[in-house]
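Structures for review follow.
Look at the two complexes coming up: chain A is in both, with chain B in one and chain C in the other.
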Partner chain A sequence: MAVLELPQWTALAPALVFVATALALFVIDSINPHTRNRSLLAGTTAVGALAALGVTVWFMLAGVGTPTAEGGLGVVELFGGQFVVDQMTLFFTTVVSIVTALVAVASYDYMADHTYQSEYYSLIMLAATGMAAMAAANSLVTVFIALELASLPSYALVAILKDNRGSVEAGLKYFLIGALSSAIFLYGISLVYGATGHLQLEAIADNLDGADAYGGLLGLGILMLIGGFAYKTASVPFHFWAPEAYEGAPAPISAFLSSASKAAGFVIAFRVFTTAFPVEATTAVIGIDWTTAFVVLAIVTMTLGNFAAATQDNVKRMLAYSSIGHAGYALIGLAGLSADGGELVMGAAMMHLFVYGFMNTGAFLFVALAEYWGVGRTFEDYNGLARQAPVACAALGIFMFSLAGIPPLGGFWSKYILFTETIGAAGTNGAMLVVAAALVVNSALSLYYYSRLVKAVWIEDPIGERDALAQPIGLYAAIVVAAVLTVVALPAFGPIADAAQQAAAVAIG
Partner chain B sequence: MEGLFDYAPAIALFPLAAFVIALAFGPKLPKKGAIPGIVATGGSLLLSLAMLAAVAGGEEGYYHETLFTWAAGDAAGEIGTDAIEFTFGILIDPLAALMLVIVSLVAFLVHVFSLEYMNAEGETGLPRYYAGLGLFTFSMLAFVYADNLLMAFMFFELVGLCSFLLIGFWFRTRSAPSAAKKAFLVTRFGDYFFLIGVVAIAATFGTVQFAGEDSFVAAAAAAIDDGGQLFGFDAETWVTITGLLVLGGVIGKSAQFPLHTWLPDAMEGPTTVSALIHAATMVAAGVYLVARMFGYYALSPTALAIIAFVGGFTALFAATMGVVKDDIKQVLAYSTISQYGYMMLGLGVGGYVAGVFHLMNHAFFKALLFLGSGAVIVLMHHEQDMWKMGGLKDKAPVTYYTFLAGALALAGIVPFSGFWSKDEILYDALIVGLEQPLIMAAYAMGLIAVFFTGFYTFRMVFLTFHGEPRTETAEDPHSVGWAIKAPLLVLGVLATVAGLANLAPVAKLTGAEISFLEYWLDGEYGGLEALTYHSYHETVPFEEGAIGSETTTMLLGAGLSLGLALAGAFTAHALYNVPSPTRHTEKLGGAYDVLRSNYYQDEYQVWLAEGLTLPVARAADRFDQTVIDGAVDGVSSVSLFGGDRVKRIQSGIVTNYAALLVAGFIALLIVLGFLGGWFL
Partner chain C sequence: MNDWIAIGALALVGLLIPLGMMAVSFLLRPSVPETSKRATYESGEVPTGGTRIRFNIQYYMVALLFLVFDIETVLLFPWAVVYQDALAAEEYGIVHALGPMIAFVVILLIGFAWAWRTGAVQWARTPEQVEAGADR
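Moving on, here comes the complex of A and B:
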């Protein structure tokens, strides 16, 4: 392939495609302001996202980011190491671009009566750009900028239903919590910079020795960085925005935030902690193993998310809490890093995020479909939907059982591998046993509320008469594709697992 | 010839196809599924004969092929293996080839017989019947050529399922479903131990193959030679334990004491089904399994002695019960239990050839007797009580003479087939018994049983066919057609001459080389070295003795058993071969009640179920309802309560969130800072 002959900066092509699409949407809007040509807008967005996906997959196949020792083209470093394109970058860019495409297609129907069409799509594209940039960011500065680039359009997207009180309120809360968290994050960056004198991640790692005198300072800085990541991934105690924002936002945006944005939050957390703060060197300076913080956060997050989800009556809110629970599962990837086999645990967490991207997007898109139909928000309102919409409800069953981790669906395999790797890591880090136990208990509990939804749509009788349900093409297509991807993730699991494990190994390497 | 082996899977697949056809199209077919069944079993028979020829004439003389691996993985075996595979494969050696012929022949004849016994009698539900027969035959044939223990177990279970379906064929009566359930549950009880045995063998040796370098038999022999410990036991003790666990399944299926109680009840099924169950499939499966993995049992003298003793005891025990039965099929049922006891005795004393020989002969004469009794039942318009028969001899000569041949074989009268094999079993038991007191006791029981066998057999013959007709139906019996007569004639000839296969005593006396079955099982015509008679015989740890010379012992034994058989037959002749026989059972006094009640075996097993198992099950249920369910309900209440609390934190007021967020962050900071010493 001809990748080598291209200039280095083209390695950022996926992000560039996103930004180009966003600009293209602005151009369309300036030529024809207030256009409501939904096919053109949603189509452009979807094509842009798929183009980004295509480029990413092409890079992966061509060997960009694969170490030269393994026959690849090597990791690409740009702008003096401010950005890096390796396997982990491409892996997460894949997740982001697929979710973006699904959301764009689903929005075609969901946002049909909306006034600000082109703004909506361009904001999605800009947020996606931020997420793609997060996957590649390799310096605390670029990390912060990418994070804000993803966050700011998100606030607007959550609040985009301007006539809807819930949407506006959610947007404001999201923004306020986001501002607080960004402040903490930025303060953390300044402390790290103060202790080590560097912002570029490898440089921080190289200069940890020099920070001996500022151990406490560095530790506080790291903890504040954790706060920033916890906000982006909706982990405890920075999760408060999530149920409100997901519930108030348009459902496709909830899907987008809870899947793509969360995955992007994890990629920067993975990169910063594996690259800038190698466990042993950092422990020597700050006096404590930072994985301890993640052990606590993982257990608390998954427990809180699942317990709160169990008692919800509102489907969208239940999914919001379940998404917090899944953040807890993914945090195990960082909690296990100090143990032998930590890279396997992190690989497993990446796999889980990958599969989660499809099944969670699908679940929220089903909610989008239900909102489109106007059937209501609670479990009771969903009763008996399967009689009128069997295809969509079959897909919902796949999403729910996959989220709960029932074999043979993709969610089972990722959770199973995560569990076995966690047990494997427990040999050198006893705390991982507790984490593994929490994982199992919470998964068992999660089956309760996931199957409750399946039972509602398939088994219960409708509580009242309902009109015939429309079959919006875009939403249906997005749901079916997500379901197919969730199922196909099973036979394709080998390559996904390999990709995730390799990416994790290289990142830690 | 070798290429023939490639068609081996078809032997079992033909009847499976017949099953599918009968199930799918049965109601529309002219004979409701009989024709496909006959064609399929006929095809299996021809192919089995071809296999027999291929084994005899081929260069390798056996066929061992893994067809399908359905699970493979890394698992450490106790003896140090590191991987295990579960496969479907085919093993056709002399033993399997012989058994394939027997099973497919009997199945074929039973299908033909059914044309008249079932179709002509206007039974309903025939497609179901033929589907059941097809599946039954398929399961048994696949079991016979299974090349590993797990596959054998699966088809063993399938055989059990089919017998359940067929015994309960007349499911609208009260007794048939109950008998079917009983057969299923009792054999399942034995199979439970079998399953544990399979798991134990797999876990110990990391293989479940019957034959070849990596068979569990070879691994067990090597382990015993090493003298190491397996699961905390001596290697030999462990082999005994696992062997006995597998034997649990054998005792259930082959109706050995104490799990024999299902078999007499199983007479509720159609007589053709009884013929198939008793001669070639279900009951034969147990003994065949012992023969199949004989190399394994040969390693353990304890297991062998237990097999021999259980066999000898069952032979006598069942024969005494057969003496007082009035129903013709009941007599045959107890004779089956008794005869399989002989086979177990033979195998248990290391008489591999004798056991297999009797398995073969028994298949022929018991199929003959059951089909003959089926013919009698047709003659008698579905009357089975022997006291209502009599004098059928002249009215149905073909039935009579073939039945008589079967009876002579069963009773062990020279020169009919049963004599030769039973004599060989008793001879093998005697020579081992001279050195081992326990085996001597087993031999003695087997010997006494010969007398009872002669007695009940001829009591049955005389009551049914001789004397004056005692009812109107016996005066004017229904006629029977070729579909009944032809199978009877074929089996009658076989029951008479099958003994020629292994005239061991004659061979010993004259020195002529005519013990063909022994050569066959010894691999002289082809076979696997490790699975041959002399290889087993070297392994079997029993000493052999003799009274005087070997020939004297043999003549003495043969004379004794023949004398006892004749004595039994003549006693029956004296008591029942009179124009109007009367019951003599009162003379037995209290013993009659005991025999009539089958030694209260059913009663104590029912008591075990109701008096012991039921209270335990109730207690377990109560435990489940209160403790387990209570704990589960408790967990869910706690979860929901906790979830409710968590939900309340989410108050909707953003300032609260900010406060909680910062509080959480500070809590984390204090903990980590304290642990990391940041505040110093």
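Moving on, here comes the complex of A and C:
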């Protein structure tokens, strides 16, 4: 594998493939304006996403980003350290590209009678570019630009059903909260810059001791950065856009935002906090251990998400709140960093995000299928669907039980490892015991509302007569692939776990 | 002498000149009260309609396209200034100096061609034309 002979900048190839695909879609639409050739557009998008996936996996296997000490080709730093390609970058790019491919295939049917086809797919590609760039960003400037590049297309995508009130309202709310949190994030960046004099993450870490006189400013800046990350990952206190945006948006876009966008939000949070603000050095300057903030946020986020999800009647809203709950689980990765074995906790959180990427995308795609059928939005409307569509409903059962964390599905193992590592970290940080308890209690609660949906689909009788349900190829294919990936994640869990743990260790190291 | 004294003097003069002009005209001008002086436009134009006007979407399209090319100029200008030096330098060849800018302009041109082809720069359409290309 002749990676070494390639120039350095080719390490960004996954993001470049996304850009090239977006431009190809523009060219297709320029040659034949307002084309409705869905096979061509969705096909190009899916091929682009799969190509990005292929390049990423190839890089992983060839050892790009793996430290030379472990027989790899070394971490690639680009443009004076503004971008970095390491194992964490490749790990999260994998998640983003798989989810993008699934969403593109599912959209083929879901957006069938939409007027603006090429706009839709090119916006998806541009958002995916931003997410891939977020995975590689290594300076507060590139983090912010990548974040905006991922966010701006998302606003348009949420509001793309122009004549649907819910979609437009969701888009506006999403945009306003996004603008607010971007402003807060940017202000946080300026405060960190003011205190340390640097924007590049390693440079910030090297200059932390010089910021002694500005401890308060730096602390405030870090707090504001947390606000920006909380928005992108849909965690408390910037979570309230999520139920609105996910409910109003086209369901494949909800899947895209709640899986890929959330994973990308977590990768920048992980990278900024592990690289720029090492726990001990930062605590010495600002006087507070910032992991405390994440302990609180993790507990509040998972509790709020799960309790709110348990009270919903609308399936899409239930999934939206459950996605907030899962953000709480992933936040444990940052909460555990001050303890010994913190990198194991973070690796477990990355693992959970990986598995979550498939099962959550699949669950939202099932909602997309239900919307395609037009059966309605509430649990009762889903009653008895299994009699007419057993395959899709079997897949739904897999997603739901995996999200709840029932053995032997992938979701169980990622939660189990997260739990054991959290308990392991509790030896040096007592707060982790509370976090671990919250994780178990919330998982038990989540089983209630996940199984409620499975019960509605498989056991309850339909309320009224339903017409025969169509079997759209694209949606079915995407759902089945997501289900297969959720199941296959089980035997493949060893390599995934290794990759996540190594990536976390290198990021912290 | 402290430099700030000169700046303070300048600020003082800058404040005194307009105040002085207003005071002098207040003393010299004749007083002719008249109702038309209280109109919105003293030229005599009678304002009609509300102040909340909806602009045609075309306005924003053109503004956005203008912005794109404005930013392009901002990037092209410093690049053009250092271009000769970059060519002459040993470590950068023509590929390093010219390549990224060509890539940037090509991306911009693809976007512009797309906007043109999909009618972003087309002038506003009549209701009949809009009807013909109705969308949902």
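The rule we apply is simple: the second predicted complex is superposed on the first by the 509 of 509 C-alpha atoms of A that agree within 3 Å, B and C clash if a C-alpha of one lies under 4 Å from a C-alpha of the other, contacts with A are read in each partner's own complex, and residues count from 1 in each chain.
The criterion applied here is as follows: contacts are C-beta pairs under 8 Å (C-beta built on N, C-alpha and C of every residue); 3 or more make two chains touch, one makes a residue touch a chain.
Here the structure is a predicted model, which is why all the values come from computation and not from measurement.
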| item | value |
| --- | --- |
| First, second, both or neither for A:Pro33, with chain B first and chain C second | second |
| Touching partner for A:Phe79 - first (chain B), second (chain C), both, neither | neither |
| Touching partner for A:Asp163 - first (chain B), second (chain C), both, neither | second |
| Per-residue touch tally on chain A - higher for chain B or for chain C | B |
| Contacts of A:Tyr416 with chain B and chain C, given as first, second, both or neither | neither |
| Which superposed partner A:Leu23 touches (first chain B, second chain C, both, neither) | second |
| Touched partner set for A:His114, first chain B, second chain C, both or neither | second |
| Partner chain in contact with A:Leu445 - chain B first, chain C second, else both or neither | first |
| In the complex with chain B, residue positions of chain A that touch it | 172-173, 176-177, 180-181, 184, 215-216, 219-220, 223, 227, 236-238, 240-241, 243-244, 286-288, 292-293, 296-297, 304, 307-312, 445, 448 |
| Sites on chain A touched by chain C in the complex | 19, 23, 26-27, 29-31, 33-34, 113-116, 162-163 |
| Touch list for chain B against partner chain A, complex | 636, 639-640, 642-644, 646-647, 650, 652, 654, 657-658, 660-665, 668-669, 671-673, 675-680 |
| Of all residues in chain C, those that touch chain A in their complex | 107, 110-111, 113-114, 116-119, 133, 135-136 |
